[in-house]
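So that you can tell them apart, the chains are marked A, B and C in the order they are listed, and the count of residues begins at 1 in each.
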Amino acid sequence: MTGQEMYDIADRIFPICRSITGQGVRDTLAILQEYDKDIEIHEFPTGMQAFDWNVPKEWNIEDAYIEDSNGNKIIDFKKNNLHVLGYSSPVDEYVNLDELLTHVYTEPGQPDAIPYVTSYYKERYGFCMTENQKNELIKNSKPEDKYHMVVKSSLTNGVLNYGELVIPGETDDEILFSTYTCHPSMANNECSGPALAMGLINYVRSLEKRRYTYRFLLIPESIGSISYMSKNLEHMQKHIKAIFVLSCVGDNNDYSIIHSRYGKTLADRVLTNVLKYHYPEYSDYSYLERGSDEKHYNAPGVDLPAVAFCRSKYGEFREYHTSEDNMDYISPEGFDGAFQVMTQVINALEHNYNYKIKTLCEPQLGKRGLFPDLSRKGMYNPLMTLRNLIAYADGTNDLIEISEIIGVPVSEIIPNVQKLMDNDLLEIV
Amino acid sequence: MTGQEMYDIADRIFPICRSITGQGVRDTLAILQEYDKDIEIHEFPTGMQAFDWNVPKEWNIEDAYIEDSNGNKIIDFKKNNLHVLGYSSPVDEYVNLDELLTHVYTEPGQPDAIPYVTSYYKERYGFCMTENQKNELIKNSKPEDKYHMVVKSSLTNGVLNYGELVIPGETDDEILFSTYTCHPSMANNECSGPALAMGLINYVRSLEKRRYTYRFLLIPESIGSISYMSKNLEHMQKHIKAIFVLSCVGDNNDYSIIHSRYGKTLADRVLTNVLKYHYPEYSDYSYLERGSDEKHYNAPGVDLPAVAFCRSKYGEFREYHTSEDNMDYISPEGFDGAFQVMTQVINALEHNYNYKIKTLCEPQLGKRGLFPDLSRKGMYNPLMTLRNLIAYADGTNDLIEISEIIGVPVSEIIPNVQKLMDNDLLEIV
Amino acid sequence: MTGQEMYDIADRIFPICRSITGQGVRDTLAILQEYDKDIEIHEFPTGMQAFDWNVPKEWNIEDAYIEDSNGNKIIDFKKNNLHVLGYSSPVDEYVNLDELLTHVYTEPGQPDAIPYVTSYYKERYGFCMTENQKNELIKNSKPEDKYHMVVKSSLTNGVLNYGELVIPGETDDEILFSTYTCHPSMANNECSGPALAMGLINYVRSLEKRRYTYRFLLIPESIGSISYMSKNLEHMQKHIKAIFVLSCVGDNNDYSIIHSRYGKTLADRVLTNVLKYHYPEYSDYSYLERGSDEKHYNAPGVDLPAVAFCRSKYGEFREYHTSEDNMDYISPEGFDGAFQVMTQVINALEHNYNYKIKTLCEPQLGKRGLFPDLSRKGMYNPLMTLRNLIAYADGTNDLIEISEIIGVPVSEIIPNVQKLMDNDLLEIV
């Protein structure tokens, strides 16, 4: 799938007002299903216990606005769904300025941006606006002014929805790609993840053979992944070999990895390896800087091997969690790059066996046409990847470890693995 | 106990002429007993075998001086007990200058200082004086001059004394503070250790609950600790979890740790952790620079977990082992600081359990009032210590290890441990 | 053996035209036998299987030259045996310039040097000359010129020879020195290895007692060592504790180590230790830069503990594999230095036990005259090697490890080991 195609998916789902529950999630998943009809949509009911948590009420919203004394809508949810506090309870009240301001949220450091604010677990209502809008509102306000605050929302017993797709492989060892579907109109920190996931689904389906089973989760952050784990933990602990949380993958800045709890899982190793050789300017964040679902997958007792993959890391770019994280902040090129990284990760994983050379001592490569038949000064160098692969294919190292030892990207080692396999010189341990 | 109170203790014991045996040790211990009557005074008899060593004869001294031909005391033990060679045998002889000088010790690099010199295991007599005194003596000497060398000392079968105090805790796991009582009038490299020990005894007694049993040893260096171990090794190896040798802890310079043999014991870990976060300018010495009783506690086969704690490390300050290490070299502020370090060490040890979070996935902190109920950009940061504690409270790390991983001092983690304990979210493994 | 004596041995074998098989190897071994009659000469027959390899036909050569149209020998094997392509098949043909040039090899970057080129496993013939000779040949050539290419060689069923010497020690643990005998007239990258081996044979014989059995192999590179291992692998894996491949050990540049596959064998540790303390400017090459028989000894499944030792590393000096690697490139001083390194390695190995101090706590050194009987400021330092040896002689460290921990060369620790042994204070674990 091209970067443009992924960008277009992001663009289609961008306008929807999503939250952790509600119609917005279902609308989003319905669009994604158009790209792969096998995506299944599941649900967890309100109140369901998930470890220490409970699935909250379902939130739906029809409209929200603030009218001034003249009946002008000075803030309008229909213009930008960030204007309403996420999970806002319904309200229909006339208040003076002071009272109004107790329900207003802005981001003073970015005076033109509407901030994204939510209140999932405590019922309240509120409005988000730019600092400039707030200042204008105050400036224009006369003492006698009344403001009409309206939120037409509902909090009812319902469900939390998520999408899931499993693409089977030769083994039931699983690679999980997890991304979220719970933020309203933000491009990088919401729409980019599902869009890249669709590209990767397409790519995984295109593989001639698959060693791993690939699972894709399109799920609300935190309560979604926690609920999912509470129902599937045993299976996950048994089968999952690596988890990649996809977040903020559509912009054009350098790549980021946020490591697992101890930084040593297969997920850490393979993504670090790919980034190190191909994108050496990448940013390496420890688990102390976690923030998306990797923090739940890695929790004590859960202990799943998860890292997060971003371009600009969530929380580290100015536009994050504001209306400035819009479709201009991401680009087809941004998706192309993230897609390249993740497909390299998949290829490295697919070939990541412990190999063992079948001969004692280096095999005679010359008689198999793998080595020059003339020996002269300096001529060994071009074959060093092949020969270093042989040297460390002692059964104790996987391919990623060999790549680390010999200083050569996995992608350059794989053709040499193939040559040796074709000559019956290498076996998988 | 305040720094001033500890300084005053040091000041009281400063004038006494101590050695590894004799009345000086007993007088010192008697003063210390005034501050805690439970300090017990024990003894080992002369000749007692202690591993490869034997307890030496008891040394007592009444007076020592050199008189010139006119009967003037040009060197007088009563003015400064460093003037006599430690463990000097008795003498009463008239000698010429050349003969006299064979019994004189000076420190040419510090011409105004009387050096501290001893001869424990070979019987000899001698006098220490400043380089300037020696030069004056030579300058004023006439060929016919006779000098009267007098040492009124005795070397007899007797005992080696030491003081010991045990403050019981909930378990019989022990923390040992060891300091020495065997040098004559030197302030930092003798009196500061016992004075700080008295402060720590007072502090340990004040704790509401004590997990550990605390043992304090006030004992002559080397032969004292070796003798003690020869009688108590099995108990020590079974119960002692950390030893802190206190030496040179009253001056005002930066702190020092001298590590254990391999640098990885609990004693190394906790003291390094406290110093690293609170006093980052501290000096870190390997076991190759050992010099006090940590060298015996760490000996092969003994293998006790001991570090030494100093402000200026013994041997590393100019005044060391001379008359310049006097009460002006130490200060109440110096004691205060050392006391702060050691009480932080005790607190870290008391809380140093392997903790395990009781929920699968991060607990829902919000419903317990431990987390803001509004989610907006950047707001997670103030809670990161709590959340990082949860993330690494997986039962495999003790609190010191968690402190190292998350980059936060133990003292800032403890209140978070308490919060989680109060909410029944954390257990001790 | 002096550097001059080793240089003289190299000088005697330099003129011989060696290859991996043939009379040149036998002539070389016969000369070496003059220096130690116990060197045994063995053979493997053509066609013998050795793991994935087979012993090639035996190559012998009588003469080779190119004559121009006037019958002048413009290239003459008798002037320099590098002029013939190694393992050249016989030829006797008249050809024009273009045809001739398809059989000519030069090293354009070194226009005055004849390169060393071989074709062991594919039958072809050819001539090596300097780039200048080739250009002269072309310049002087007229269209009608015919060149007479003559190689009087034979490729027949025969044998591959090697020399072997075993000097028994107290145990059947073995140290193997391996060097090669398969290059024609090159000084550093051929003659220096066997010459140094003769010096070391002489040295090992001179030792009063030998803990290790020492084996010396004088053997063709690659096919020689592979064949040897195919017949002796079980014995080698059981007994060999360290292998040193000697190559390029006669020049005057700094020393080099090429490490084993994982860089942690006894061979790595001892040679690194000696070089680090005594020749800190040495070059440290990883196994990725291997090139001589260490690559076969270290092969997966073989797993012998081998490093290579060079002064200038093979392949890293300009003269390598050309006629410029002649007797001027090496020197008696070069041999002397390499001999010093290797004899220090042998001494370190001979003393490399795990020692354990026999007393609990540090022994009382004073009563044995090992320690001053007067204690004063600063006087401990000169004895720190002795005392640090005691501190780490806990039975878990070998002598090399102690050297690494205490920062003192093995050669300075050995006399202290002796002192403690003499006083019955130390035992071998």
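Odds and ends about this structure:
Everything that follows uses one rule, which is that contacts are C-beta pairs under 8 Å (C-beta built on N, C-alpha and C of every residue); 3 or more make two chains touch, one makes a residue touch a chain.
Quantities reported herein were computed from a predicted structural model and do not represent experimental measurements.
In the Cα superposition of chain A onto chain B, the rotation angle, rounded to steps of 5, is 120 degrees. For the pair chain B and chain C, the fraction of shared interface numbers is less than half, so the two copies use mostly different residues to meet.
In terms of their C-alpha centroids, the spacing between chain B and chain C amounts to 55 Å.
Counting partner chains per residue, chain C has no residue touching two or more of them. By the touch rule above, chain C contacts chain B in their complex via residues 356-357, 359-364, 366-367, 373-378, 380, 384, 388, 390-395, 406-407.
Only residues 50-53, 86, 105, 107, 115-122, 124, 226, 229-230, 233, 261, 287-288, 290-291, 295-296, 298-303, 315, 320-322 of chain A touch chain B when the two sit together in their complex.
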